[in-house]
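Next, two complexes with subunit A in common: one pairs it with subunit B, the other with subunit C.
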Partner chain A sequence: MIERSHHDMGGLPAGPVERGEHDYAEWELRVDALMTLLTGVRSAKKLMTVDELRKNIEALAPDAYDTMSYYERWVISITQTLIQRGVITTEQLARKMLEVEKRGR
Partner chain B sequence: MTDRGSYQPLTYFQLMEVSLRELLVEKGVVTDAQVDETLEDMRRRGPERGARVVARAWTDPEFRKRLLADGTAACEELGLDVPALRLVVVESTPEVHNVIVCTLCSCYPRMLLGLPPDWYKSRNYRSRVVREPRIVLAELGLEVPGDVQIRVHDSTAEMRYMVLPLRPPGTGGWSEERLASIVTRDCMIGVAVPEVTR
Partner chain C sequence: MDVERKFRPGERVRVMKAYPLGHVRTPYYVRGCTGTIERLCGAFPNPEELAQMRDGLPARPLYRVRFLHRDLWPGYGGDPADVVEVEIFQHWLEAA
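Our next item is the complex of A and B:
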């Protein structure tokens, strides 16, 4: 039998479903907006596909998949995809993150 | 923004979001204006869009037929765009109750309902609703009578399902607006049914 991937959970046992929900934070909405733009939905240049978003989310280690929040998985996956595609480099991102961190937001 | 004014250090992922976005703006890949416009568009998309579609289907049998045949085209008739996706509307009847899920990720008719609630994306819902929907629906507060069949629809990246709930009795002669007011997001996911409050 082929072993299932971690994200492929349909039909497996799991705990009770509780009606938890939260208002999305601004940064989460911006991640979502960025994804919309990068997939070329709103007339921006198409630089990645939804399948790539999924592929890089599904490539996360099982415990990372489970402990990261939804949009944390997205932002990691988008970043990973853009690095794979050569749109940005790891060095550029690292430099930028240092700069933003110093600035405070 | 809720964090404006008081200083809070960014989490690692927030830092990544800000940095990634600024980098992409610097490179001319996206503009701040495009990000803002997209956020505005997201805020405009809420469950009242889906509710309009349901209310029209309840009052106009010809529209209902077109909606079930081609969800995307029927929504466009009402001026509701469904960008880049195929919408499949599934109709609940006295015999069959429909509910939607995305077991693999989080696909959801967001163009008509807005962003999905957290529980829809949770491991527990995604894993169990396809195996034991009756129990899961009861956990979410919906008791489906034993003689009603439950049909679960698992979405994919290219197409999305939305439930056309059963019009409840006691709503004869209601206007479309009044009908739309009882169609909640959860009714169109299939974890609730429209209720008439007396």
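Our next item is the complex of A and C:
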């Protein structure tokens, strides 16, 4: 039985906290905005909860959890949640990713 | 109707020492530990259920619980009066 989940690291040895402010990349702002809209701000349709965001972040494999940035974890979790809820399908996601990849070439 | 509150500020409580699957908001390091109710924060839908696409109702009491660090960490070397406060749902608590 796994008692301590990987993300549940309170009290474990760690380095100093980085206190500096930093700018966000454009895509990070978009991910934040997406989450705001999906959780039903200003009476928009509520398509997910912050608790589902956390559940799917906590479900990341330990090495992915450690190496991904904050908003990388968010975007993976949001995507997983929308597939679980049937808002998007895996096929739609695959096709869209191919389309975006072509656009970038 | 919200779930009825069981505890008052100043009462001693023990955190359930359990390790269920799923999304839980009770940190590992306080499970099985004893602390004191500091205040009632209100009643909120159960996040463990909200994480699984259910409504989490009825709302459950959430408390701020105060722990002495020396009760959490074996051999704690700081001030013996140092505390940490953690917000914990009622269903994780029992009278101590």
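What we mean here is this: the second predicted complex is superposed on the first by the 100 of 105 C-alpha atoms of A that agree within 3 Å, B and C clash if a C-alpha of one lies under 4 Å from a C-alpha of the other, contacts with A are read in each partner's own complex, and residues count from 1 in each chain.
The working rule: a residue touches a chain if its C-beta (ideal position, glycine included) is under 8 Å from a C-beta of that chain, and two chains touch if they have at least 3 such contacts.
Because the structure is predicted, anything quoted here is derived from the model rather than measured.
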| item | value |
| --- | --- |
| Subunit C versus subunit B on the shared subunit A, clash or fit after superposition | fit |
| Spatial angle subunit C-subunit A-subunit B, Cα centroids [nearest 10 degrees] | 60 |
| More subunit A residues in contact - subunit B or subunit C | B |
| Subunit B versus subunit C as contact partner of A:11, first or second or both or neither | both |
| Which of subunit B and subunit C A:84 touches, first, second, both or neither | second |
| First, second, both or neither for A:3, with subunit B first and subunit C second | second |
| Which of subunit B and subunit C A:97 touches, first, second, both or neither | first |
| Touched partner set for A:54, first subunit B, second subunit C, both or neither | both |
| Shortest CA-CA distance between subunit B and subunit C [superposed frame, angstrom] | 5 |
| Touching both subunit C and subunit B, counted on subunit A across the two superposed complexes | 8, 10-11, 51, 54 |
| Subunit C partner contacts - residues on subunit A that touch it in the complex | 1-5, 8, 10-11, 49, 51-52, 54-55, 58, 84-85 |
| For the subunit A and subunit B complex, residues of the former touching the latter | 7-22, 24-27, 29-34, 36-39, 41-42, 44-45, 47, 50-51, 54, 57, 66, 68-72, 75-76, 78-79, 82, 87-88, 92-93, 96-97, 99-101, 104-105 |
| Subunit A partner contacts - residues on subunit C that touch it in the complex | 19, 22-23, 27-29, 47-48, 50-53, 56, 72-73 |
| Footprint of subunit A on subunit B - complex, ascending | 1-3, 7, 9-10, 13-24, 27, 29-30, 34-35, 37-39, 41-42, 83-84, 101, 103-106, 115, 117-119, 121-131, 136, 139-141, 154, 157 |
